[in-house]
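Before anything else, here is the set of structures, which you'll find just below.
Consider the two complexes below, in which subunit A is the common component and subunit B and subunit C are the respective partners.
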Partner chain A sequence: MGTAARRKALRMNAFAWLLLFPSLIFLLLFTLYPVFGSLKLSLYQADLGTPEPYFAGLDNYAAMAEDEVFWKVLTNNVWFAVGTVPTSIMISLLMAIFANKVMRAKGLVRTAFFYPTVIPMIAIGNIWLFIYTPDYGMVARVLEWFGLEGPNWLGTQSLVMIAMIIMVLWKEAGYFMVFFLAGLQNISEELYESAKVDGVPAWRVFWRITFPLLMPTTLFVSIIALTNSFKLVDHLWIMTKGGPENASNLLLYYIFETAFSFWDRGMASALTTVMIALLLLLAALQFFGFDRKIHYR
Partner chain B sequence: MMKKISYGLMYILAAVWTAPLVWTIWTAFRPKRLALSSSITFDFTLVNFTHVWSAAPFTTYYINTILIVAGIFAVQFLTASMAAFAFARIDFWGKNIVFLLFLAQIMIPADILIFPNYNVLRDLSLLDTKLGIMIPYFASAFGVFLLRQMFKTLPFELDEAARLEGCNLWQVLWKIYVPLARPAYISFGLVSVSYHWNNFLWPLIVTNSIENRPLTVGLAIFAQSFETGAQWSEVTAATIIVILPLLLGFMVFQRQFMNSFIHSGIK
Partner chain C sequence: MRSMTKALLLMTACATFAAGCSGGGNDPAPTSSSGGGNGEKPAATESAKPSGEKVELTFYYPVAVGGPITKTIEDLAQQFMDENPNITVKPVYTGSYADTMLKAQAAVQGGTPPDTAVLLSTELFTLLDMDAIEPLDPFIAADGTEGETFINDFYPAFMANSQTEGQTYGIPFQRSTIVLYYNKEAFKEAGLDPEKAPATWDELADYAKKLTKDGQWGLEIPVTGFQYWMFQTFALQNGDNMMSPDGKKVFFDTPENVEALQFWSDLAKVHKVMPEGATEWGTVPSDFIEGKTAMMYHTTGNLTNVKNNAKFDFGVSFLPQKKTYGTPTGGGNFYIFKGISEEKQQAAWKFIKFMTDTDRIAQWSIDTGYVAPRVSAYETEAMKAYVQEFPAALVARDQLQYASAELSTHNNGKVSKFINDAIQSVLTSTVEPAAALKKAQEEAEKALEPFNK
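== the complex of A and B ==
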């Protein structure tokens, strides 16, 4: 390589790194360093009882394995995911198929399904707290018309999770709908026309054409829904604080409690590390498992 | 026939979906004494709103949220444009590793790093400041990937022409790429603004004083100051105050919002 060419390459490299420099600083400070910081602090005993943190090996993880609340929030998270991911996909797919074909009030229908996306989770918590209030809430009123007395949704251990799942379905379905709408628009109209000419019934058209061709979108949406089931916890602060008896508590909210209510910094770091591991597992699943079936533009 | 029934059911579903909002608005504009009654009357009042506005410093909260949202996007605009340009147009050493670091931010979002990031903020003495709320979001991998996609679609002849005119690469970025990538910036902006307008847990942890609290935290604290269910009129009014700007924005720019949120799923 000539000196001139080398000098030019060097200059381009320097320029590229200068362009990246601002982003890199913030990424290092608030993504990379916190990840390793958590890993390190998780190996220390650092709570209110230990003014000077000391190295404790895997003690925090051992305590975590013994901690009933930890297993409770983890199982809750699994149920939360099981309750929200497949159902929100089904509902949003239905919404998209309908919103794609409907003639009357098309814009209005889409707005009705999508608007919860732009409302903060904390406001949704406020609204649904009222909806679920015994005797006076919207659900209780509707049940009253049918002569039924509704239960205390948020105060009953066996019901609170279902109540949360329904609320999150309401929040997310319209958001996922836009992905399916985009997916539907990519399916060629000719396929449907030839199916119509051959007199194929509508449900077979769905299972043979629409559903398989939407598969990439479906997998893609499931990943977002799954990640969201770990991230959505704001509503807990306003609605239940994780109760009753941790029946609605989720991993991220438990991290929040451990760090900022109990001030157990070592344990909060260990829990954060578990969370990171779970999310990396999800990412790995996506990259090595699903990715070949998902097409990107 | 089947079609008519299923269409009917979907219209009902759409109605059910709007019910929570309609009910919230209904309660907020009704006199307080009627809040718990199930009778349907058409009494209308703004008292709940004036009451809320004087009972809690919502003006300060509003200003704070606007400053935070605008501050985050202003910095993201700069950092993401620059990084995206490097990824889209320049071959440099270590490109793949840096790319992985950006991917890491998408896989491990700041939302779940609340505790370690709190520690970083404490070490930087930025607790209970607006800058502290903003700073973890100054680099946006989402923005970088979105803009990079867009930049890559721009024809290479454009920058060659600009280079012949005597522009250097830095000028090519700001004078040619940024203006041409406007649709991507609109998507980026809408997603960023709605995300940070709605963010709650992080500002809750970071802030400690009214001067720095955003709307979401203010609303939550306001709602918690009452016994459950005792003050529906006030809390629904406060909720509407918080959600109104984004909701109105969405109603007006419906199409842009929906298209933008499609990009927000980028991985």
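== the complex of A and C ==
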């Protein structure tokens, strides 16, 4: 009896592995292999000054700790995440509630909220470059109506990050809205009906029913938003090249600069390793910390 | 059991696909699908074949100005093939200068370098440090006196970025400099002589003051993208170039350069004739065309753009001088890559000579707005007719006698970032020029250390 069952289990397992095999190949080839490749290269001195890369231990990491631009881009990234993650969750949740309730022109409202998502980041960078242009950009024109002179948004160190955050919120909120919309539609109407019968005020309905039941979606969205705040850098290439004086520079763009402008492959790998470690840590914190407080059905 | 077989089939299909994919991943060079003939291995088999076999050249080129450049290049390649039936040229459009450098570098590392490419003249030391390019002197020498006349026909200012330590590595192709554009109508309105551009720094500040009014700046100089290039104009006018010709030393924090950066900064902060903050490279020409600024410093590459779009009469002049006139050059050179067969290198050299032929380079200059890099190009009928109708095209040529090499050093990416950041720190915050340049100097010296051993 034992052998028959075991054989069946084995066959099931083999079948599962067979199904997983193709994606495992991709994962190994395009994710794990490069990750370990970078990890290894990060321990080498491999730049233009060294024709033959040599093992340098933790030199790259030591140099990174002393590199003020690295600390600057890291701080920038933290502010970028702080500026985009909670706000985009809030805005997209409000948008979802509105899009869920709206009676007329449902399709139009949802499309209007969603369309920035389908535009590539490069195109968005170009559009917003003109929106932010001093003197005759859209923002400057609108401010002109009120008799105000608009600043040079992208050319001022203290404003450039805010300008970037607003742009990314515009792009991302619609995307997250879709998840919240799906989440909202999964919440049973009966709960709302019984709340109505009991005469519970609207804000309490939101905090006691809607928000807790949406928590799985919120966790998911917050992880995506957080990783995006490290991943979205295409616009920098178009809009500021990280300037002025690195005021809008982000970690991933700095990695790109280090690899393909400085041609310092060792340092670029070290920076990549730090970024991967950081993202893993954040994901772990969210999953293991946050996750317990979430009510799953 | 049947489901098992199906799964197996599916798996094999996927595995084959994955293998195909990874195979493609090893060849990042975006070559056309005709296959073969663009790598080291095919080259070896090619040379084993009887002579008279076709030589195939891969040619990477960027497009950095507007207009139907891709078509012009393809037409030129076709003409070349008609003249040389045993050579096939495959022009590969590779995006911007930065993209082209990236793709060339990826191809070099993948063991399948392009045969020839147009890359920024400032990439010289980077390409040398990557051991990616061949010196061209043997080819020039092999051509005898003809080779000598050919190479001596290029303006020395352009050759400065093409040579180092006595060797020539690049042939100037699409080159540019910086000139002053000014709006003649705005000059008239401000009571200035529209035929007389500011000739000195003091005049520049003075004119700009008179030209500044509500809704119109006196002057704009871009502070993003290539700010080191703009800064070089002031540095050259006030003293020496910012680096040594061997690309191993920089001189960022000289008193002359501090004074130069102070002047630039004062134009915005003290004289208030220029917008503060980082004025964007691309919006400066639009501002000029829109009449938002009466003067601008910009590349000659924008000449055709301004000519076609400005609705007012405009002038082009030398950049104002301090101790002397001065401007850096810019733009792209032809390079021949290492790791390709002798035959291909010969064919590539032939192609380069064809592309930079006097008449062709004159026409290329007329079509694109780039400065023709050869002296003889300005003696062709086509060019004479063109400058007759549009004398502004001559200003850049005439300014060449005061032009010097663009900033280019070993570890160029880092070094130019340091000076770029220093310039932006002064123009967008309250950092003093002396402190900013001193910091850039120290950082650059550190980045250049391995090359000074």
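The rule is short, and it goes like this: the second predicted complex is superposed on the first by the 260 of 297 C-alpha atoms of A that agree within 3 Å, B and C clash if a C-alpha of one lies under 4 Å from a C-alpha of the other, contacts with A are read in each partner's own complex, and residues count from 1 in each chain.
Basically, a contact is a pair of C-beta atoms (placed from the backbone, for glycine too) under 8 Å apart; a residue touches a chain by one contact, two chains touch by 3 or more.
Worth saying up front: this structure is predicted, and the values here are computed from it rather than measured.
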First, second, both or neither for A:N152, with subunit B first and subunit C second: second
First (subunit B), second (subunit C), both or neither touched by A:I224: first
First (subunit B), second (subunit C), both or neither touched by A:L19: both
Subunit B versus subunit C as contact partner of A:P53, first or second or both or neither: neither
Subunit B versus subunit C as contact partner of A:P216, first or second or both or neither: neither
Touching partner for A:L27 - first (subunit B), second (subunit C), both, neither: first
Touched partner set for A:Y136, first subunit B, second subunit C, both or neither: both
First, second, both or neither for A:T111, with subunit B first and subunit C second: first
Partner contacting more residues of subunit A (subunit B vs subunit C): B
First, second, both or neither for A:I119, with subunit B first and subunit C second: first
Shared subunit A surface residues [contacts with subunit B and with subunit C]: 15, 19, 22, 25-26, 29, 129, 133, 136, 260
Of all residues in subunit A, those that touch subunit B in their complex: 12-13, 15-17, 19-20, 22-27, 29-35, 37-38, 41, 94-95, 98, 102, 107-123, 126-131, 133, 136, 138, 141, 144, 170, 174-175, 178-179, 181-182, 202, 220-221, 223-224, 230-231, 233-234, 237-238, 252, 255-256, 259-260, 265, 268-269, 272, 275-276, 279-280, 282-283, 286, 297
Subunit A-touching residues of subunit C, taken from the complex the two chains share: 3-4, 7-8, 10-11, 14-15, 18, 21-22, 98, 101-102, 105, 126, 129-131, 215, 223-225, 275-280, 282-283, 287, 290, 292, 410-411, 413-414, 417, 420-421, 424-425, 427-429, 449-451
Touching residues on subunit A, where the partner in the complex is subunit C: 15, 18-19, 21-22, 25-26, 29, 47-51, 69, 129, 133-136, 151-152, 154-157, 240-241, 243-247, 257, 260-264
Subunit B residues touching subunit A - in the complex, by the definition given at the top: 2-3, 6-7, 10-11, 13-15, 17-21, 23-24, 27, 36, 38, 78-80, 82-83, 85-86, 90-93, 95, 98, 101-102, 104-105, 107-120, 135-136, 138-139, 141, 144, 149, 169-170, 194, 197-201, 204-205, 216, 219-220, 223-224, 228-229, 232, 235-236, 239, 242-243, 246-247, 249-251, 254, 257-259, 261-262, 265, 267
